[in-house]
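So, here come the structures, one by one.
In the two complexes that follow, chain A is the common piece, with chain B as its partner first and chain C second.
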Partner chain A sequence: MKDIYIPSLGGDVRLHKKKQDGSLLRERENYKKIYAKEFSDIYNESTLVEGFICMCQNQRIYIDKNWQFVYFIDYVYALDKIRGYRFGNLTPSYEILLSHGLSELKYSNPDTPFCSDYNKIIDGMECIVERIIKEIRCGNTKKSEDKIRWFENLKIRPAEHFAEALQRILFVNQIMWQTDHYLTGLGSLDQLLYPYYEQDLRTGHTDEKTAKEQLKEFLQILHQYYWYKSSMLMGDTGQIIILGGSDKEENYRYTVLTEQFLDLVQELQLPDPKLLLRVNDRIPEKLLKKALLCMGTGVGSPIFSNDNVIIPALKKFGIKEEDACSYAVSACWEPLIAGKSVSLNNMTTLNYMRPLENLFRRERLARLGTFDEFIECYIIYLKRNLNAVKRILTNARFQYDPILSVFIEGCREKQKDVSWGGAEYFHAGITSVALGNVIDALLNIKEYVYERKKYSLTEVRKMILTNYAGREKDQKALKSKKRYFGTDKEEVIQLTQKIMNATTRFTKDYRNEYGGKLKFGLSAPTYIDAAVDMYASFDGRKYGDPFAVHISNETADSYTEILNFASALDYGDNRFNGNVIDFMVAPDFIQNNVDKFVTLIKTAIKKGIFQLQMNVVSSETLICAKKNPDAFPNLIVRVWGFSAFFIDLPDEYKDILISRALKNEGKEG
Partner chain B sequence: MIVRKWLENQCNGKYWKDYLKTYGYSEIAIYGAGELGRYLVMELQSSEIKVIVYVDRNANELNEVLHIPVITLDEFISIFGNKVDALIVTATSADREVLREIACRVPDLPVMSLRDMIFEM
Partner chain C sequence: MEHLLSNIQRMCMQDGPGIRTTVFMKGCGIHCPWCSNPENLSFEAEEYTRSDGKGVYGSSYSIDEIYQEIIKDRDYWGSDGGVTFSGGEALMHMDFLRELFQRLKDQEIHLAVETSLFVPEELVKQALEYIDFFYVDVKILNVEKCRILLGGDSMLYRRNVDTLIHSGKRICFRIPCSERYTLQEDNKKLILEFVRQYQQISIEIFKLHRMGESKYQSLGKRMIEDYGCADTVFMEFFENLKQQGNQVSVIRL
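Right after this comes the complex of A and B.
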């Protein structure tokens, strides 16, 4: 255990850079098993509320003398026993605690078990606040008086100033992480914080420079527990800050804080927290350029999210207009109404390759005389597969969670826990993977089986089920072909849309027990994991090889081609659960062509792309970094929907990035 | 897990006979004459779907189960080939191996895995 980070002592940046084999997450779990046992034994025998109170009374209070804000997580007293389907991948309502003191939130007459539990949770938080104040008084920390005032206020009244608001956000965030709410988002902080900022500047309570320093420290503090917060991969923390966005009149709204967040993330060059910039066709070019230059530094932020497409889709789905206009996203891309929604946007993955694999395994292929019949048959298998997906959603039983209920609007008013439908929105979201591979495979079948008659379907079946045994030449030829998916040929767009529409047809009637609907999108983090046990496919992919990443195509002739493809798709009905284009871009490409890139992105926004993220890195850098990691400790890349240090990634993820960069540069077929 | 899902299906009125009918099958073979293979035959007994034969690596010891003959995979391929509508694999550990063997030797015979299908009903 000698390399393990000591709990509650802040920053782990130095430590995680020592590790390069992806073993940190495993070590964290082992660590928790050993050191958290004592608390686990108590917690296992108690209710969640009793466990929370015990945590509040016993977790170690750590005030870092170097910071002006207070933020700590004590792993030993983490509430991490699963008692049902966990709520996570969400953004709590920071606004609730900005606009209230803790005591103001309590029920005056807690006459139901939920109200009683709710008040006990607030009591627990008050206990932590008291202990923090005591600790500040005992120690000689930076700006003690300010801190004491902030925490005294937190007990009884709304936040008054900018720095105090930052501290409250940190407090809520800390409670979320301490109580196992994984992938906790940060919401639209440029909008939320602006009234405090503007008032403080106007009244002379602070100045621009001080406020920016505070914001910088805020970001650094949130990065501190990077290791602890990472979920499936290092960097997968879900700490996403939303910037900018459309109002009801479709005007573009942003504040000086929007620009400051972009400046600071560019300056700090840390992968976490990450930024999402909501864009529309009225976004000022100046802001878009700033965002592109930030992205061009390779920090992985911001991702662009197109309000012109997303807000109408949310409204059509049944989200109220004012909520749709203030959407945030779950950890990566999936639109979510921050503080009002407990829609779990990544409950499972729809693997589009499975129906195709099943078709080849189960079908009498001779009866599929035309390509249209083949497609119709694929859609029948897709329906069967979606039955399995819906079943997973239906069987989920959610954890009673009065802690989260305090920070989700609607629960207090309805006196209902989030797990009983207390939140405004409780939809179910799935991600999807492999549609690109399926489109390529289907169009190869059309070309080679039905048009050129080079192979029979039975031969194709044999090739994929035997992993191209004895047919290596055929496999290589398919693999080196230019991909269909992501090109702007009408046939490709129509087939992609047909399968998306079929998915809608088979999912639109789904309702969970609180009336929530099902939504899906074309992005998923599972392009490696979901492919592990899958047979070869007729796009030249071999058994177990990863699927293509999101909406991507490194063999496309130009960026315009994939932008046109993605813009032509209809993301309406329930097809809006994250649809991100993923570019590989050479580092000097943006710097040297920034104005052209601004025009390109603006055009794509107008045409109707959904979302866009970029990896700004060259194959040469990636290859060198893999060979000699110590020379590239701070190299950041974009994986799934988050940014991470390249050094922290498992080799299979590094290899995918290298291969994509090589293809993008035309160095690999 | 499989037995639990099976029970869940039955509670929801979802039966194998109806599911297999959606594929248009009437005569099938079952790979695996163990517990799951036997349950499947019992559930299909009152239906129009006829189980012709069991295929099992221990065929020589079993000979017959629920009055249905048990043969090896080699025997099945040489005797039946693609003359049944489908081979349903109930022995989940053998799923991949059987599929590969069939794909090479009887490429036109549909092979289904009980493990996958039970979630789709």
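Right after this comes the complex of A and C.
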């Protein structure tokens, strides 16, 4: 236990000794219990607001002398009590604290309980600021004068300069993590910071080199506490920075900071923070090339998100044009409006395999005489499943959260907490898993049962429910077939769309208690977890084996095949809650063909893909790294929507990546 | 009319300008000892055996079926990409391909072939009507050795190269490098002399690889062992070409 890093002491998270069995997160939970005990005695007896005040007064102020910015999280005082559905997986409005001093945010007449709580939260933050200033004065730290001025300003007035703006963003971010808002995003920093940057350079307040150094330190600081911030797996931090994007006229806008973020992430080679580059068909090829070269280094960033498809979908869903044009994403891919939206984008997962399994277990198969009848029957079972999903959403109760309310636009004006619908947007999102496996299974049923009549439905049921007992040959044959899902055959696209449309049909009328609608998408982190108790399926998948990842197909003829597939799908209505294509790419492939890759991606954007991420890694490296982790401490991979150190992952995730890489390289079935 | 193809490969990055779809025709007029596509030597369908089962190299396609498959990637070709015909020897299949070439040409699709040019002169002349870009292999130039090793007529080859050069079409020479064969001292000299006449033509050189080995195994054949080329020999050849004024680049296939 000694080598475990204790966040309340600050320092570099990489100090902790890497473990290969994924046990770090469990140890973190133990630590949380031990260290939080002292605090919880006070906290258990108090309201969240009192707890927050107590935290502000008592948390350890840690100022790292190596950095020019102040950033710390004290483990002991993490406010992690869950009272209702916890808000997280979102991006606060950093803008609020950039354009206001803390005291300017307070209500002058806090005559409602919410206003009073709101002011108390601000009081708490002022208390931390005072304590930070005091600590800086005590210590002789780097650039003390600057720091003191920044924090003095923070109390009373908007940020004035670039470095000060960086410090404020760090402060808000720190408060969010300290109060255990998991998966806190960073928003469109290239846009948000640009006015400060431009003004400082113009007035000679700073120069390009200094500013870039500051930005680098900013990223390094955010990478600290990697362990603490990780959610389901190491690296799953949700620290995503959004870059570039369309304006209202559909022009592509980006700044010099967009390029700097790409340069710095490429230079630092850290999996965190992660970058998402919003793209459209007018993106300059120079920028796309830079992004591809960054991705080609294997750092896991950026992922691409296509404004040509996403913005119209958001607008049609009811998001104001201005907000749609400034969308960010939750931790992974699900679009949301940063600072205005408490959309819980991943409230639960729809498992598309469940209805198919239920159909086989419960349905009188003899009545399904045609493939069309079979599909209609599947859709009836899908509807039942979606009813269960909607019940889960309706039953959710949200945590009263005046801390988050300070950083979400709409709450202050409406004098309403986020949990009472204070935010501008309060939509609910679900992710989905296994549609690829279902499409493969359904089209195999079409081929082998209805067309070639090789098996009866009853035989298929038996194979599924007995995990292919005595039918290993059939299982192997199905497994080694080229997959349907993710190919550009018309019947595959149509069937996929049909099931997506049915999902819309059964979810579009849903409203939560604040009028929020329900959206879904074809990407999910749960491709392993959701599959553990699932019977075998007729795509050759055996009992409990993982589902396929997002929109992927390693058996496809080429990337163009899956790009064609994904861009043929209609993501309108409510089907836009993250739809990411996931490629495996051999190292050097991008570097050796970068101009052609630019053409490939730009064409895919024009054709209408939704999002795209790549794992740039070879099977050979992954296999070596699994055997000999010490030799590959810095190998980065993309897991679901996040990038992480390969050696931090549990074996089951490592194995999936290895198997996908082998298939991609044509080395395995 | 249907014809045997071994593969239609989408999104090829090394088969000509831009992103391309490459059509592999089954059947070749020569037999290079180092051939990396042994499944495309015979004009007939051939059964193979791999660890995951038996299968057949070669599927019959009609012109329309090939067209429908290759046209799927049209959007990705942009202004410079297109379709490349390889093999085997693409030009040996001229009679079948002519209709397809015409159909693609009518749509202003950029067409390339990878050819060894050991084909009747008439076929080359016909291809000139459609093809925008020619990859031309430079292999064994001594008349006798060419006949023995490849089964080809090197005088015919030289005449065909001449025809192509005079057509003004875009051409790129490709030289597979192997110490025992192409870079064997006498042949290396002949190659250097040969390409010296064509300074305007770019040259791509590459080392022979073993990527075709599993295909040999699947056909119950063995791939030759002594095909290699030391870095020093390879780089010396690269320098020789540069020194005599050729535009040369190294590619990795």
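Rule of thumb we're sticking to: the second predicted complex is superposed on the first by the 661 of 669 C-alpha atoms of A that agree within 3 Å, B and C clash if a C-alpha of one lies under 4 Å from a C-alpha of the other, contacts with A are read in each partner's own complex, and residues count from 1 in each chain.
Keep this in mind: contacts are C-beta pairs under 8 Å (C-beta built on N, C-alpha and C of every residue); 3 or more make two chains touch, one makes a residue touch a chain.
Since this is a predicted model, take the numbers as computed values, not measurements.
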item	value
Clash or fit (per the criteria above) of chain B with chain C on chain A	fit
First, second, both or neither for A:D557, with chain B first and chain C second	second
Which superposed partner A:A388 touches (first chain B, second chain C, both, neither)	first
Which superposed partner A:D488 touches (first chain B, second chain C, both, neither)	second
First, second, both or neither for A:N593, with chain B first and chain C second	second
Which superposed partner A:T603 touches (first chain B, second chain C, both, neither)	second
Apex chain A: angle to the C-alpha centres of chain B and chain C, given in degrees as a multiple of 10	100
First (chain B), second (chain C), both or neither touched by A:L465	first
Partner chain(s) touched by A:S480 [first = chain B, second = chain C, both, neither]	second
Nearest Cα pair across chain B and chain C, whole Å	30
Partner chain C, residues of chain A touching it in the complex	480, 488, 557-561, 563-564, 589, 592-593, 596, 599-600, 603-604, 606-607, 669
Complex interface listing, chain C residues touching chain A	9-11, 13, 18-19, 52, 72-73, 75-76, 78, 81, 252
Chain B to chain A touching residues, read off their complex	23, 85-86, 99-100, 103-104, 107-108, 110-113, 116, 119-121
Interface residues, chain A side, partner chain B - complex	358, 361-366, 384-385, 387-388, 391, 458-459, 461-462, 465-466
